[in-house]
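Next up, some structures in structure tokens.
Next, two complexes with subunit A in common: one pairs it with subunit B, the other with subunit C.
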Partner chain A sequence: MGRFLARRMVSYAVLVVLATTFAYLLAASTLSPRVNYEEHSPQPTEEQVDRRLDELNLNDKTPLAERWFEWATGVARGDFGATVTGTSVNEELERRVWVSLRLVTVGTVLGSAIGVGVGAYAAVRQYRAFDRVSTVAAFLLLATPPVVLAISLQVLATTFNDAVGARVFVFNGESTLGLDAGFWGTLWDRVAHMILPTLALALPQFAAFSRYQRNMMLDVLGSDFVRTARAKGLSRRDALLKHALRTAMIPTVTYFTFTFGVMMAATTFTEKIYNWNGMGSWVVDSIDNQDVHAVAAVSCFMAVCFVVASFLSDVLYAWLDPRIRVG
Partner chain B sequence: MTDTETRASAGDRRVASSPALEVRDLHVTFPPRTAGANVRAVRGLDYQLEHGEVLGVVGESGSGKSVSSLAVMGLLPGDARVSGSVRLNGAELLGLDDEAMSARRGSSISMVFQDPLSALTPVYTVGDQVAEAIRTHNPTVGGRAAARRAVELLDLVGIPEPGLRYRAFPHEFSGGMRQRVTIAIAVANDPDVIICDEPTTALDVTIQTQVLDVLRRAQRETGAAVVMITHDLGVLAGLVDRVLVMYAGRPVETGTVDEVYHHPRMPYTMGLLSSVPRLDETERTRLIPIRGDPPSLTDLPEGCPFSPRCPMVIDTCHQTEPGLRPAGGAGHTAACVRAAEIRDHGWTGADVYPESESPATPHTPADRRNRDTVLRVAGLVKHHPLTKGTVFRRRVGTVRAVDGISFDITEGETLGLVGESGCGKSTTLLEILRLRAPQSGTVVVLGRDSARVNRRERFAIRRDVQVVFQDPMSSLDPRMRVFDIVAEPLRTHRYPRSETRSRVSELLRLVGLDPAHAGRFPQEFSGGQRQRIGIARALALRPRLLVLDEPVSALDVSIQAGVLNLLDRLKTELGLSYLFVAHDLAVVRHIADRVAVMYLGRIVEIGATESLFSAPSHPYTQALLSAVPVPDPQRERSRKPIVLEGDLPNPANPPTGCRFRPRCPKFGTLTSDEQQACSHTDPELTQVTTGDHSAACHYTEKRSVI
Partner chain C sequence: MNMSVEHGAREARPSREAGEARVPGRWTNVLRRTLATRRVVIGLCGIALLATMAWLGPLLSPWELGERDTPPFLRPPSPEHWWGTDAIGRDVFVDTMVGLRKSIVIGLLVAVLSTCIAAVVGGFAGYFLGATDRVLMWITDLALVLPSFLILAIVSPALRDRGWLVFVILLAAFMWMVTAKMVRGMTMALKEREYVLAAHYMGVPAWRIIFGHIIPNMSSLLVVDATINVSAAIITETSLSYFGFGARGSDVSLGSLIAEGARSATTHPWLFVFCTGLLVVLVLAVNLVGDGLRDALDPQSNHRY
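Moving on to the complex of A and B:
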């Protein structure tokens, strides 16, 4: 088993290295950090710009291979280089990962947990009112683009705030700047800022997971082992929870792991609309700022997330389902 | 109120005066799926089961036997409408809520289901699933104590090393072992009634013998009353006290097993008993099929539901549906207006049923050495790589599915290839149909070696070798009309377009279907008719060899007889040769001229049907034949089947020497000197008589086991 894990890890590492390298080469050859200095006043001289760019290893006059080598040696030491403004990419990365992690964890866990519950119950009540309502809701959400959803939520929140006459929902940034309200006040402020973006993430998750779980559950509902469990004397509820749902959750849990990893850097719309400085918004911001090293770092992060997620979902599958456990 | 209270207290304790289970006027109706009439699955079922009694319920698919047992257990889907009365130890079960019913389910009434492969939850260990049954009804029992009791139960149902196997997952168990586990679950709380719904139908015969043994033991240990539901008249014969025959949702005949089997009074029962091919009949008799199909439960005919199929139908039959009336001694009742007449004349199935298909002419073909060889298989080998793990796939060994087998089939001959699941019979068949060079050995079809033909020749050979599959439901394209299904091989092989229509009509007539129905889709036909369509398709190109893969195993017995008679007739009329793969030995005895018995990828015995069945020489064949129950209560009760130990060994790691050695009943009786040969030398097929009969055993000994 260990040997197979090791072999897989190696191929994953190769994958990440390749993805990051290609991303760097693409960014370095298409983005032009020099443009950032054109608007400056007073206009710096070309020599000044060159010097600055050389410092940052972003000068397009240096051959690409040379720039790549310097960047790669840094990365090998764990240093993703500097941003266009000269700050450390590593620090920025660290800060933004936590922002995204907070958003994505709450959003996906909430969304998928509710989705699983609703989906499983909808399967039990197939074609009844609950099933029909949840189906319509799920399809409505699936059909709504994330942008539309995020903005609609803002509109609803504003209407609500106006109606109540208080700022219950806040939707700009992660916290109120310069707020001094003690520990609980600050915590509440952060939570209030989180509600809308989390909902914007959770709702599509809920939609996808409820459909997925409903189908999985329908597959096992009629199975013989659920009938055996009831023939043993388990009540309908116990048989459904302990036997049907436990079995039907296996694919969902692994799918969740995978989604979670991929979501880490895929929340661009939500973060941009709610003004959160996480990984998702960095994808767009770094390209916007001609920030070659940030683009490479984001790509590397996405590749690592993807690989870790797919690895974890495989391992989890084997752990949850004894039928495919490796002997 | 007082009435309910006394009933409830009676339910907890066995009351000697009330029967274990009493079903009165049970009706089950399902609302239509889309539009249409209600499905009346059970229409007035009455029976009474005394403590410790074994009642057999027999009927074909759609007779309502399974639905009625699920109704008793309260496990029907929510939309089913159930009425009547079900009393367990005198206490009413119908109308109880889920909580009250759950308290009885598994404790005083339990059930064993048909398909053991899917009956256990895949993610829990078998031991935990048995322990759960105990703890559900005894919440005070601790985890340890429940586990200990579960190990005892696993031991009771004959699971070797129960302490160790407690932690095994269902997928690590074979079908037979899993069925033992479900039996352990059923008897865990010492129930008063156990309902067994086709408990051995999905199992091989030798495993069926083991499981029936376990059921008998479980019944003895618990003293429970048993309702045994099956379509197999043989299984019931030796096991039950009384029999109830169901047809179209109603009981049509009931009585002691001897009365019903020896003096059936209802034409349906008579037909059922005469339509089963029997292992214990030496001369080949005509099987008696019941014409037509079971009625649709949404649209029952007026009067007696069997009247459209009944050979004795008179006008009164169409007027009212007869109820059960006394038809003989010992509580024998039958639902037929002419039951008294049948009794007085002493009519049997053969007297009542007319000859529909022309009887199989007892053809005595020329010596097989003088006939052409249609198929010759020599040293055929098919090994599969064995991989492990779904996530991390790797090769860990080789499954020796077919490991060097040789046989031949001559013109006009039927070779029956029998064996239990996993013995390699289907692989053999697929290797022959592939018409490519096998991994090792040769396949010669009509004189041409499959390894040495080019594409064009292979295409031409396919015309001469056609196949009929097991499942008539999935082997016909549901989107094609019958005409197109039968015409497809003709078109593929460029049969003249102008003659296609007449050829299809001719084929449909040949297999006993109405050519006027050619425009219909397969789902408009019953299972037996679909299998006939499959046969018509196979015959379209006038093949010389027909490969039949379990062609009747998916069909009800009364339908099966018709298809077998058809195959018999076609063979004589068209001079076909059959390679007939089956697990049902009685069917093979009925249809085959020669039989090859396979075990773990090898042929262990081969020879003329009569010689092999009357004097089997290989211990495996002997065990296999002795395991087949015969629909004759007296014979069944006195017969002592040879019970084989354990399951089929892993074909990836066959035992050394003789592959049958670990399960061989003979091996144990040999001296250690004699055992040397079995342990070290792989026996080869050697002739055991002067005639056509060979077996692969070092110590062959003829023995009559039927």
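Moving on to the complex of A and C:
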């Protein structure tokens, strides 16, 4: 099992390197940081622009291979280069990574855990009220694009705030600027800001997982080994939790990796709409600013996230499925 | 499922009237099952209704696409402007219908294309295994790891002038991976079946076995997957257009309408509610068809809604 995971690690690492390189090459050949200088006044001369771009390693007159080599040697030393404005990508990265990770982790864990729970319970209560309600909710949520969901939540929150006459829901930024309310006050402020974006991320996850888990659970519920477990005297609860759910969760764990990619894209929309300065909103901003190095850094981050999710699902898979443990 | 029981009973019956009695073929069976699944029928009706609306609606409306009414702008819905007008006096109904049309066409094309890619890649990887498999699966993994939204966002503005067909190809290029992996798994199982082995020993070339025996045998999986991809494509297209990364500059799509409407969702709800509502209904209808088809085509599934 250790060797199996180690081998997966190596191939994942290579994938991250390839994905980042590909994103860099694509961004470097498509985006043109030169455009940013066109609207400066006074208009800088071409030499000035060239000199500045050379400093930043963004000059499109330098051959792509040369630029890539300089960038790659930097990345190998842990330096992602400079943004178009000359600041360090690393500093920006450090600031933004935690913002996004907080959102993604809480959203994923909440969404998938509740989704699996609701889906499994719905399967046990097939065709009862709980099942029907959760199915309708999941179908509606699955039909709502993340953008629309995030905006709708905002609209609902505004309406609610207006109706109550107080700011119950806040949906702009990560925290109130210049707030001085001590540790607990600050913490509460941050949590309050997190509620809506986290919901916007967790709800689609919940919908996807509850549908999937329900189908998997239905496949397992009628199987012989669950009946055997009951027959040998296990309580219904134990038979369902330890035998049925555990087996039914194996395919869901693989599914987790696939939904994660969708989730990363959804983060982009959520952060942009709720004005969070995380990695996701950086994607949109850096493309708008023709910021090649930032794009490469974000791609690297997203690839790492995806790979970590795949690795986690490998580990979970191995833990859940006794047959896999040999590798 | 009772279908297979019936089928078994029919086979077991001594064929007294063999030759006269028509045993329903696979596709007749599939069609019957499909129409017996209520979700599929509801979903198909929904899609048909939306498509009719999208293509005939603008003809019925007195307003043309891009035609502007005189001020005051931002009029609420009225008999004259069924769904109101926007900030520069355009008729929201006509705009939304044209956007809906584009979403439907893009969704269908992307789904068909990406499922084809997936079938070919998965089929070849699973049939040949070895080096072919390793190379193809590496490409698949790489495409999965690449942040597709980011790549699409970078590339599509650069290709904006080439028209929306290029956009369709781009979208499809990032949607085939998961299906390809499933197809590969199924191909490896089908490869050991007698009829595939028979074809192989009769000297049928590998590509004809893949296209003639293997891919048709998982057509149900592919049909279901194509349906699911339709909704995924529509959602991705909307999201890209929302941020202005869609391929079609000044053209309307549901995404660009939602982006415009979102800013005034609370003050002028008609700008936001109609396009969003139609989008949700469209995706919901497609999902219903996909979900129903999965049950109808999968002999092992037990009626699950």
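One rule holds in what follows: the second predicted complex is superposed on the first by the 301 of 327 C-alpha atoms of A that agree within 3 Å, B and C clash if a C-alpha of one lies under 4 Å from a C-alpha of the other, contacts with A are read in each partner's own complex, and residues count from 1 in each chain.
Assume contacts are C-beta pairs under 8 Å (C-beta built on N, C-alpha and C of every residue); 3 or more make two chains touch, one makes a residue touch a chain.
Note that the structure is a prediction, hence the values are computed from the model and not measured.
**Student:** Answer with first, second, both or neither: which of subunit B and subunit C does A:F306 touch in the superposed model?
**Tutor:** second
**Student:** For A:L177, select first, second, both or neither according to whether it touches subunit B, subunit C, the two together, or no partner.
**Tutor:** neither
**Student:** Where does A:V147 make contact in the superposed view: on subunit B (first), on subunit C (second), on both, or on neither?
**Tutor:** Touch partner of A:V147: subunit C, not subunit B.
**Student:** Considering only touches as defined above, state whether A:G233 meets subunit B (first), subunit C (second), both or neither.
**Tutor:** After superposing on A, A:G233 lies in contact with subunit B but is clear of subunit C.
**Student:** State whether A:R8 touches subunit B only (first), subunit C only (second), both chains, or neither.
**Tutor:** A:R8: touches subunit B, not subunit C.
**Student:** Could you figure out whether subunit B or subunit C reaches more residues of subunit A?
**Tutor:** C
**Student:** Where does A:D224 make contact in the superposed view: on subunit B (first), on subunit C (second), on both, or on neither?
**Tutor:** It touches subunit B, and subunit C stays clear.
**Student:** Just checking: does A:M264 make contact with subunit B only, subunit C only, both, or neither of them? Give me first, second, both or neither.
**Tutor:** In the superposition, A:M264 touches subunit C alone.
**Student:** Which residues of subunit A touch subunit B in their complex?
**Tutor:** Those residues of subunit A that touch subunit B are 1, 4-5, 8, 223-225, 227-236, 243, 246-247, 250, 314-315, 317-318, 320-324, 326-327.
**Student:** Under the touch definition given earlier, write down the residues of subunit C that touch subunit A in their complex.
**Tutor:** Residues in contact with subunit A: 141-142, 144-151, 153-155, 158, 178, 231, 235-236, 238-239, 242-243, 245, 255, 258, 262, 265-266, 272, 276, 279-281, 283-284, 287-288, 291, 300, 302, 304-305.
**Student:** Would you pull the subunit B residues touching subunit A in the complex into a rising list?
**Tutor:** 73, 75, 98-99, 102-107, 110-111, 113, 115, 118-123, 132-133, 136-137, 169, 171, 182, 185-186, 188-189, 388-392, 394
**Student:** Flag every residue of subunit A that touches subunit C in the complex, lowest number first.
**Tutor:** Touching subunit C: residues 11, 15-16, 18-19, 22-23, 26-27, 30-31, 126, 135, 139-140, 142-148, 151-152, 154-155, 158-159, 211, 214-215, 218-219, 222, 258, 261, 264-265, 268-269, 272, 283-284, 287, 295, 298-299, 302-303, 306-307 of subunit A.
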